[in-house]
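Each of the two complexes below includes subunit A, the first together with subunit B, the second together with subunit C.
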Partner chain A sequence: MSSSLDHKDLFLKIIVAVLSIVALIPVFSIVYELVIRGLPVITGAGLKFFTKTAPAPGDRLYGIGPALVGTVELALISTAIGIPIAFFTGVLIETFRESRISQIVNIIAKSLMEIPTVLIGMLVYILLVVPTKTFSIISGGIALALVMMPYTLTYIEESLNQVQYKYIEAGYGLGMNKKQVAFKVMVPIAKRGVVVGILIGITKALGETAPLLFTIGAARNTINWNPLEPGDAIPLLIFDYIQSPYDNMKDIAWGSALVLFVLFAILYSSIRLFVKRVRI
Partner chain B sequence: MTSTSLELERALEVKGLNVWLGEKQILHNITFKVNRGEILAIMGPSGSGKSTLLRAISRLLDHRTDARVRGEVLINGINVYTTNPYKARKYIGIVFQNPNPFPHMTIYDNIAVGPKLHKLVRSKTELDNLVRWALKSAMLWDDVKEKLNSYPAELSGGQQQRLCLARALAMRPKLLLLDEPTANIDPVNAKKIENIVKKMSREESVAVVIVTHTPAQAMRISDKVLFLFNGKTIEYGPTQVVASNPDHDLTQSFLRGEI
Partner chain C sequence: MDNSVPPPREDKIFLYSLLPFASVIIAALILLGIILLDTSLPALKEYGIGLFMRNVWKPREDGPGEYGLLAPIIGTLETAIIAVIIALPMSLSLLILTEEMMPNKWRDLVSTLIDVMAGLPTILYGLWGIEVLIPFLRDHFMSFLHEKIGFIPLLSCQPLSGSSILAAGMLLSIMIIPFIYVIIRESYSTIPQSLVEAAIAYSSGWRHYVKFKIGLIKPALLGGLLLGFGRAAGETVAVALVIGNSFHLSSCIFAPGYTISSLIANQFANSMYYPLMSSVLFAGGLFLLSTGLALNYAGVKLIRRSRKLCQAV
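Entry: the complex of A and B
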């Protein structure tokens, strides 16, 4: 009896080991390719890779400055718009969980997650780019805010939902009203989840290309700090350059991909760090 | 609101209270009074509805969608079910059966949060004094005076329960609702807490409702007892009378420790 169980156990362990290796192959090959192809590009160009504008086709001078600046601006704009909306919607939904309206808002907001992001880009194109007659970083930021919103909302709402009822009851017992229970009890207890939700939203938005296709204008000849004007973003640049027939363009795409990957690695490790460090 | 002195006498009056959770009726037609300076002990077997009764008094069942309440709960003559519950709770200190100190607040802040919320103090010194008084009253001061800025997770279950008692006392309530406040606490500290509860009621005219599983505790501190069985009152009267001459067989067997 016990020996047959042992056999089953061993068999299971082998299957798990094999599957883990199979699952890890793509991850390792991506990292391998990125480093092999991307790192020489960055080291070859040095700091200029980050500060200079794009080279002419076939030229040697590297530079993703506009895309880097654009990505930072997009991150700031989409976070500034998307996170507060997601946060307050999440708190409202959890505070008025019984109410019909909050259930409907919840469903609608989360259904945004199911909409292909290219459609979100088109929506912003029609509502913002066409009327203002210009591509702009802010339009891209708004599109990305719509992309991140449902993810951050879902995560924040779930973490608030995890707060044990006995603490909520303790808050009411002390005479707190709903708002005070939300902000003095639920949010602080769920703060880890709230922060992780924000980071996940940012991570999600920064990797997106589709919503930027018709919104920011892929302007990569000058570094542009003005969000009302067209700009560039790293994923968009990769998307364009990897298809280019010119080797120097392709190289820049690989270097940028490595930069994007490192950016994500940083975001993901901060998420992991938060999950571990903050107790409760 | 006008309140005659007679009404003020009756800090808490419950009239014909019925509670349903989902389809099930948990409390049936409960009626009792607690005057200022009086202690009512609620006893009864597990599941008889004691905790639900305390929640119904402070309208905490409002926050549950499946709960329905009918009847009256008057605090200082005002029906809490027709007034603003958040205001009513300002006068109520409640200690729940399971310790629930806020995990994200320090020991100090756990106690300070109520007084700050209701603006009971005007200065940091006053607040410090109130926190110290509440901790001393709950027999926790000596345990935590060196670590007021630590978190309650560091405390034992019994210490957490006393922290919750301190948190409730710091509200300077007119009505104290205690759900087995000494269940996880050693006999020596339990006795001390009983004395504090007595003192609060005698000296500060606080009305107290205390749920207890220990007949001896009820005998020691209460003026009245109410005996619940399956959500119905089977005995209600002065402690001495109920102890010496209980109406109901079930009360007798409970007092003898048989149920």
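Entry: the complex of A and C
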């Protein structure tokens, strides 16, 4: 390559650098605002911020207990339902790669990933909320499971795909059948990828709001551990509170957003312990 | 090869034991299609194709009322177009910056940052959009543009609250930049070494070299654009917070509007009180699903073609 001091080269480099910086400013601004606006709310309220139920409009600056409990429940339910389905489907796609069913499932899973998540909420509303005549945490958990499945599945399937063929061949050479090759050769070799896939699914489910709009009922006046009853979640609380005209609600929304961000950061960093690149 | 011999019985049993899991995923998509079609049928029967061509929203509790989804459909297209117009040059710049202008150490830092952007819960973008981006746009950007070049119809209306088509489009662009970046970077990094060497040998400078390589992934750029468009069109809560939720159809991007998904987010809970409203919203959902699947299909196809082009050489 000739000299990079060429004026046109320099001009292009400057444009690229400026546009890139502009593109990255929002993420810095978001983190900055979360800390500046959210932290005082949490430190001011102390532990009560997390343990109490929803405040009256214009009243106090704490009380996301129901949302925190709901978010934990939702994470557990969606993981319990979504992960086994994603894992075994990933194994199917990979071990029976040449079969038609595997190709169909793969295409459908990829399409499911690009479907607006609000539609998943509508689906679960019709399938569960209407027949049971009540909003419930479990309905929200099932909606989130549907959202996380394609992500976890894709990641697990890709990491199984990276297992070198010589190991798979060696497995068959030893007289193993497909099941043994899958669970004794491929999954153990790709176990980091499997764990990452699970964590990515949880991270995805944790931050979703739209699938919860018509499923969990935004019940925030009592702390409720029963998943068959209505409940709340942190993203949903932020969505509702920030649209409130009351300042205390908006402040709580910022505090909750910081909590959500910290949860996200913890999950994200634990994924980074396993892999360098994280695609959520 | 193993594959050529007929599968033994055990393998068949293994396949059948895995099928129930896979069928959940197949059933989810099929059920979604069926339910959206079924629930939107009453509205489609009542209003016909006019449901997507008219702009009217007159709910009635004691009758069918009048509905037309034109404003939210246009709003969806407008915001997504603004989003990709901004996001494409930005993500392309980030690609050139990280792949061609930075030492590895810096590159990892910036890619990590972009990965964080991609994974950040969308509600955080929405919160930041309504509380930080909108006041900024209103006070420093919209009124300036309106005063200086307000004769352009797109910029002709007085910016009021800041909640607007433009704000939604810009917020969406910020959200899809990392998404498009990841797609085009994946294609960029699969350009085979032989082509990279050819690019080095035949280009008369850095600029030509970069242009040549970008030229090789053109289908992937288009594919990323389509998938980014689909993402933007389907985003719900962040848009619902910044678009202003108005059925008023305006040629001006400073005016508030609606998108299909933000309409669903806002009206679905009330829609049970009106005979046909929920059916109308499901029809909107059907529109989202079909456009989403079509965009996804085209986008994925283009990206594949980009890979093949590179591999063919």
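Definition applied: the second predicted complex is superposed on the first by the 250 of 280 C-alpha atoms of A that agree within 3 Å, B and C clash if a C-alpha of one lies under 4 Å from a C-alpha of the other, contacts with A are read in each partner's own complex, and residues count from 1 in each chain.
The definition used in the following text is that a contact is a pair of C-beta atoms (placed from the backbone, for glycine too) under 8 Å apart; a residue touches a chain by one contact, two chains touch by 3 or more.
This structure is a prediction, so every number in the text was calculated from the model and none was measured.
Once chain A of one complex is fitted onto chain A of the other, the partner contacts of A:177 extend to both subunit B and subunit C. By the touch criterion defined above, A:98 lies against subunit B and subunit C together after alignment on the C-alpha atoms of chain A. Judged by the touch definition given at the top, the superposed model places A:27 against subunit C, while subunit B stays out of reach.
Within the superposed three-chain model, A:108 lies in touch with subunit C and out of touch with subunit B [touch as defined at top].
Looking at the superposed arrangement, the partner reaching more residues of subunit A, out of subunit B and subunit C, is C.
Of the two partner chains placed around the shared chain by superposition, subunit C is the only one that A:88 touches, whereas subunit B remains out of contact. In the superposed pair of complexes, A:188 makes contact with subunit B only, with no contact to subunit C. When the two structures are aligned on the shared chain, A:245 is found in touch with neither subunit B nor subunit C.
Residues 98, 172, 177, 279-280 of subunit A are contacted both by subunit B in one complex and by subunit C in the other. The touching residues of subunit A, when paired with subunit C in their complex, are 1-4, 6, 8-9, 12-13, 15-17, 19-20, 22-24, 26-27, 29-30, 33-34, 37, 84-85, 87-89, 91-93, 95-96, 98-99, 101, 104-105, 108-112, 114-120, 122-123, 125-127, 146, 149-150, 153, 172, 177-179, 182, 203-204, 206-210, 213-214, 235, 238-239, 242-243, 250, 253-254, 257, 260-261, 264, 268, 272, 276-280. Considering their complex, residues 58, 60, 63, 65, 86-87, 89-90, 92, 94, 96, 98, 100-105, 113-114, 117-118, 153, 164, 167-168, 171 of subunit B touch subunit A. Against subunit B, the residues of subunit A that register as touching in their complex are 98, 164, 166-177, 180, 184-185, 188-189, 191, 279-280. Touching subunit A in their complex are the following residues of subunit C: 2-3, 7-8, 10-11, 14-15, 18-19, 21-22, 24-26, 28-29, 31-32, 35-36, 39, 89-91, 93-94, 96-97, 101, 108, 110-128, 130-133, 174, 177, 182, 200, 203-207, 209-210, 227, 230-231, 233-237, 240-241, 261, 264-265, 268-269, 281-282, 285, 288-289, 292-293, 295-297, 300.
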